[in-house]
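Should a chain be cited, it is by its letter among A, B, C, D and E, assigned in written order, with residues numbered from 1 in that chain.
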Amino acid sequence: MSQTLDSSRRTLPLVAPSVVVLFLWMIVPLAMTIYFSLLRYNLLDPGSRGFAGIDNFVFLLTDPAFVTSIWNTVVLVGSVLILTVVGGTLMAVLFDQEFPGRGVARVLAIAPFFVMPTVAALVWKNLMMHPVNGLFAWLLSSIGLEPIDWFTHYPMLSVILIVAWQWIPFAFLILLTAIQSLDPEQKEAARLDGASGLELFRFIILPHLKRAISVVVMIETIFLLSVFAEIRITTSGGPGTDTTNLTYLVFQFGLQQFDIGSASAGGIVAVVLANVVAFFLVRSVARELKPGA
Amino acid sequence: MAALTLRNIHKRYGGVHIIKGVDLDIADGEFVVFVGPSGCGKSTLLRMIAGLEEISEGDLAIGGTRVNDTPPAERGIAMVFQSYALYPHMSVRDNMGFALRLAKVPDAQIKAKVDRAAQLLHLDQLLERKPAALSGGQRQRVAIGRAIVREPKVFLFDEPLSNLDASLRVQMRIEIARMHERLGATMIYVTHDQVEAMTMADKIVVLQGGVVEQVGSPLELYHHPRNRFVAGFIGSPKMNFLACTVRALGAQGVSVELPGGSRVTVPVDTAGVQPGQPLTLGVRPEHLVEGERAGSGTLNGQVLVVERLGGSTFLYVDVNGETLTLQVDGNSRTGVDDRVAIAVDGAVCQLFDATGVALTRHDRHPLADLGRHRAA
Amino acid sequence: MAALTLRNIHKRYGGVHIIKGVDLDIADGEFVVFVGPSGCGKSTLLRMIAGLEEISEGDLAIGGTRVNDTPPAERGIAMVFQSYALYPHMSVRDNMGFALRLAKVPDAQIKAKVDRAAQLLHLDQLLERKPAALSGGQRQRVAIGRAIVREPKVFLFDEPLSNLDASLRVQMRIEIARMHERLGATMIYVTHDQVEAMTMADKIVVLQGGVVEQVGSPLELYHHPRNRFVAGFIGSPKMNFLACTVRALGAQGVSVELPGGSRVTVPVDTAGVQPGQPLTLGVRPEHLVEGERAGSGTLNGQVLVVERLGGSTFLYVDVNGETLTLQVDGNSRTGVDDRVAIAVDGAVCQLFDATGVALTRHDRHPLADLGRHRAA
Amino acid sequence: MRANNTLRTTVLGWAVALLMFFPIGWMALTAFKTELQAVSTPPVLFFKPTLENFAAVFERGDYLKFTLNSVLVSFGSTFLALALAVPAAYRMVFHPTPRTGSTLLWMLSTKMMPPVGVLVPIYLLFRDAGLLDTVTGLVIVYALMNLPIVVWMLYTYFKDVPREILEAGRVDGASAWQEVQILLLPLAWPGIASTGLLNVILAWNEAFWSLNLTTSKAAPLTAFIAAFSSPEGLFWAKLSAASLLAIAPILVVGWFSQKQLVRGLTFGAVK
Amino acid sequence: ATTVTIATVNNNDMIIMQRLSKQFEAANPDIKLDWVVLEENVLRQRVTTDIATKSGQFDVLTIGTYEAPIWAKQGWLAEITGLPADYDLDDVLKPVRDGLSYQGKLYALPFYAESSMLFYRKDLVEKAGMTMPEQPTYDDVAKLAEKMTDKAAGVYGICLRGKPGWGENMAFLSTLINTYGGQWFDEKWTPTIDSPEWKKAVGFYIELLKKYGPPGAASNGFNENLALFASGKCGMWIDATSAAGKLYSKAESQVADKTGFARAPVAVTPKGSHWLWSWALGIPATSKAQPEARKFIAWATSKPYIERVGKEVGWASAPPGTRASTYANPNYVAAAPFADFVLKSINEANPNDATLKKVPYTGVQYVGIPEFQSIGTQVGQAIAGALAGTTSLDDALKVGQAAATRAMRQAGYLK
């Protein structure tokens, strides 16, 4: 005990800067946000500023778009997680194999991770999925099918595809390194036990990847909760509110309508929700974070 | 049948030649130990037998059938890895039953087989645990159990005890030996541990640089090493080597002059040996005796270090600038800096020529051809 | 001065009591070995001496000064870690000179000191290499060299040889012993290896569960263990323990009846012993003799396993359901399933009461008080 | 059989790689077309490449200035984040306290606040601190934004460094700072490098704060690309050219350090 | 040198301005221009944040007729005074000038101005065997659209804005609703989005687009439609007059010589059937370089500037809609056959009387109150949803009405 206390005192200055700045970075805006959320505060109309009580929250929570946006957030995060984890795992298994040109192929496969979300969205929207000029439209019509109007008829799916495309390489990278850390003797033992390729994957590789997958899920969730650029550029949250996620809703309040009061209320709600998600998420990877782990 | 035959087996990785033509016959039910310095190809050989590495050249037969191209799971072989390679996410029961489950054996049958193996290995209480919750020795037994349930014809062990502490090693060594007796399966065992090799093997295969140096029973290697490498590798502490010069040849064998001038006669063939020729005399620490003895050569030296183990004592003696190791009684009172005389009995010595090849002994040691646990 | 005094040292981690009051005096220049089962607190004790762990309670003095609160670097101590803990990104020279560099010793002086140490350890050719390019034994020597250059008053070794293979271990063991002689520094050495403990120590400290079981010279522990734990822990193979019953008390010692009915008299104090009392008889494998002998007790059994090492042979014999280990000559022809008689000489046996405490022997073994390398 | 397998893997591997890369490749191709070629159906595959789009893009903005800002901001924030995170992670790994676990989790939870929710507060703070449209301001924001992830990754990497080495340093007389500087940093270098690289990528691609907190002096490439996202008229080709220019530097950095990224992660994050 | 930071939209005219501004810098060596060119929505958001928090990052803002009076009311913009004598403020079209004024004072100088009109493909109308009236009605449009549509050939009869946003789909829809006799609010500021006029107008719009519009209409804005029309995929397009310059430029349009134009269609009433919008340059009150900024905006909106564009870039690209003198220039009229037309539309558009019934607000295609951005965008989203088919028209209007009511109530217009 005394050891712990003493060394913690001596090395406190090492961790203090990070904790202090992060704390400030969190608490100052948060406090201001909470304060604003209790005000009637429209940027465009500074004169009418006044105490609003919980009006902003009521206004937000009664907005029909609110529930939709939470559902959309869940759908978006969930589907992208599934796609990236599944896709990343399959790719990791594939690229774990030796084949000619593997290095170059791997580099090509991870390239989407380096592309700015804005650019990714623009490219997909205009060059790939555009119903008239896009490549997909041409491909479909050249085999005699009606071009798909992605952003009108499958808006959420389109957004999910774009976001997943960007994040698969990340999952792939982490899972690939995880696969490479699998004790080769374990694979050999399974081969001796008579496991086929599929059984090897299901019984040995997949369980081994559990931890890496939870790491991927953890990091990705943090970023996916605040997906924004892709939506703004492709669908602007629409049609209707079909692709409005919580971040986008808050964006609409804050930056399209300049209703800082409601936006702040939305921010607070988002923080609360995010922390609920984080709580469950973190539970599942907490083992990795424990000092003893 | 589970006899193994290796015929001119080669292994090359790209341009590197790892195994350079190994010929070996392993009888059904035999316990064979592979020893050799690190990197000599022991694991590679084992893995080729298991089917985990392709055989570059040569033929491998198990039970008379060529199996070069048979997948591992169909060779009737089980392997116990150095690191155990247990499946960390499965319980002990699932680890042991995995192969059977893959083979679509009915659940009830799997359970029965696993239970039987667990009993044999005293694992009954641990069947629901994960490997992480087991001690080293228990993990070892699970790894063996995983092999047993498959009822293989051949067991392969790759340094299975190297991760265990001394007392557990002794215990596991005995258990494996007993298991061999009970199951009667062929076993091939890689180790770098002297005691394991000597005590477990029916037959030891000494490898160096991808080549078999000598094959034989433990005591054959101990008493009749074919060359200086084998002599030095088998036995602990290591055999002492002394430069000597041939002085006379006779029916008794070769008489050589030791450093210090005294002579010993070693009962070996004189063919090809000439007086004046320099040879190397090899003598084991346990065969050197403190003091002078009639009929023995004598060396004189000064004690550098004394190591008392209680039951026995090692003396490290400087003899004309070379250090000799003696194993003497635990009650010996010889101390550091004491001058000692050392008796060398020619009858238990070896002679090696300049290329390291041992001169053939006249007699054969009575235990040299003894099976491991068959009475003489 | 580099004498160490530990007074009632305790260590607690949170609620766990690891070291439970250790008192120990280590004289200047002494070579002390800590042994004990895994997890008994050897490393913790060493790390407290080094200053890497805070001392929860008690006083630690080095050279007469209390150092509980002195930082590691100022205690005049050097530590050689089990894993060597070399700085992998520095050359051998930089590794060895690191402490001096931190102490702002002038470069020329560092160079001189490192060169001297390197010569001593035959590392002169390797000074510019990185640790990754060294063999295990060479790394070991660098770790020692790093300790030497600081000219510490006290060396601490935490299982320094446990990562080496058998032959390198023997070699390094001898080098450390020689270095101790040359430098005359106090050394504390943790090991789980029997041979190392017996051969290197002036004094062995046997620890169990955070408590010192016994302190003494290697042969004192071997011949006069204070209790059953120490008796079993020191010596390899392990001492045999047999249940026996007191039959008579006399000036010769205590007469006990062995399983099978024969009697032996062990020369120990009779105080507190009553006829009919159950005791445990301890006898080392190397003190049991095959066959019957006049004046000795006899046990009868059947051989279970024979382990032939060449120079000696271990027999595992079933005696009334218990397995006894015998160490016999390498040329013994006894085989498995043979029935053997075993002679037990009461003079070399130990007796332990029900709590495991050894009964005091009448005589003291002549070597028990011998220093490690001082002649008798 | 084996050869067959390899063939299958090769085909599959390359198919997947090309599929993933296709949008980027297509974009790169479009960048060299004329606007009319860019929208024509069926798509033009063979054409005389033109550099006019790049000329137009260069004329529109000082590409080098944007790039320089991107470099300054992403590397600057990475250094700042590492400077804060290395000591923190060191302490969490080598001097843990009962609270270390919760501190780590708390740090991660600060990342969960959606940026739009706090834009106005931050904007006001920055205005008052004079940090609007300064590289320093963005460096601070990015460093803080990524700090939790950096700490977290370093934490896992440092856990792989044998503590005995640092203890040996302590016995040798190294101060805590020397332990970090002379021993820990060189040892955990691959991990630190890949953490840094991840941070650089995240900072490079961040578009929300960069758009809102900069105007011209400190604007990075994300702001540059925002000027091309949908101007009047045909813009596919120019957009592609601008996009290509915006991602090219990081793509090059990423490709060259791809091995490092893999190695670093191997060494730490997932064991 | 003093740095003047200019925030502007990434429209072609502004990009030309950026290019030509080198000449301004050359002429004024003590002024350095710093350009921030952003996409419209981003720009608006960025500039609003800045000006509302009085952060003073910009010296010149590009704003529209919507923002100018609102911002002027807040005191955020510097009044435009002290223009050089040769600026000739009277030359600037009055409706445009009025749109940028608040309480009689001018707060921004117009850079270009636009109304809306109908563009069509002469060849397709001909092929359909029909003619385009000079002032078509929406019924005409529907008929023509039907005839022109040839989906197999990738030709769609009508292209209209569908992308949600108060400045996107709602700009066009507002004019459509106006001409159908509807309005945003009644005199008491009660939203009238669920009125029959709205239903009729929007219903017409959705049906028209669904039948004869291009796929993905719900995400098409001005730029997307421009691209579609320019690549020959639209038969008709009702949108800003400023598109004319591009459609008639051979370099940017595949249909340059096939494009015709007509006035924005009408239905029940001609009132408010075409909009009025201008992009203008203003100076925030917080700017520290006001004199220099003023110098620049005067330069960029001056007669000589327009002439320079005409000469150096081409007369078709000259910034339209701001000055009478432009339309008096024979060069311009020659290059832009649509010039008269545009001038007339602009002059006729009246933000103060754009609806059949009386309303308390100004603005043709917007409502000049701060809350409109929010309301317009939400209603626009709802309608886009209906256009995409994810909701019904009734539901969409109901949602719009509810959203507008909520917002008006929150802002205190309604009790």
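Note that in this section a contact is a pair of C-beta atoms (placed from the backbone, for glycine too) under 8 Å apart; a residue touches a chain by one contact, two chains touch by 3 or more.
Worth saying up front: this structure is predicted, and the values here are computed from it rather than measured.
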Count of steps on the shortest touching-chain route from subunit C to subunit E?
-> 2
Would you mind checking the shortest number of contact hops between subunit B and subunit D?
-> 2
Across the interfaces A-D and A-E, which one involves more C-beta pairs in contact?
-> A-D
Furthest chain, CA centroid comparison against subunit C = E
Distance-wise, how many Å sit between the C-alpha centres of subunit A and subunit E, to the nearest whole number?
-> 36
Provide the C-alpha centroid distance between subunit A and subunit B, rounded to the nearest whole angstrom.
-> 58
For subunit D paired with subunit E, centre-to-centre distance based on mean C-alpha positions, whole Å | 38
Could you list the positions in subunit B whose residues touch two or more of the other chains?
-> none
Could you check subunit A for residues that touch two or more other chains and list them?
-> 4, 7, 43, 132-133, 137, 255
Residues within subunit E bordering two or more other chains = 45, 49, 53, 154, 227, 231
In the complex, subunit E touches subunit D at residues 5, 7, 10-12, 15, 18-19, 34-39, 42, 45-46, 49-50, 53-55, 57-58, 154, 221-224, 226-227, 230-231, 243, 246, 252, 254
Given the complex, residues on subunit C that touch subunit D span 47, 50-52, 71-74, 77-79, 81-83, 85-89, 98-99, 102-103, 146, 150
Contact set on subunit D toward subunit E in their complex | 35-36, 39-41, 59-61, 119-120, 123-124, 127, 132-133, 211-212, 215-217, 219, 223, 226-235
Tell me, which parts of subunit D touch subunit A in their complex?
-> 6, 9-10, 12-14, 16-18, 20-21, 23-24, 26-27, 30, 39, 41-43, 84-85, 87-88, 90-98, 100-101, 103-105, 107-122, 124-125, 144, 147-149, 151-152, 155-156, 159, 176, 201, 204-205, 207-208, 221-222, 225-226, 229, 236, 239-240, 243, 246-247, 250-251, 254-255, 258, 261-262, 265-266, 269-271
Complex contacts: residues of subunit A adjacent to subunit E | 40, 42-48, 55, 59, 62-65, 130-133, 137, 147, 149-153, 155, 234-242, 252, 255-259
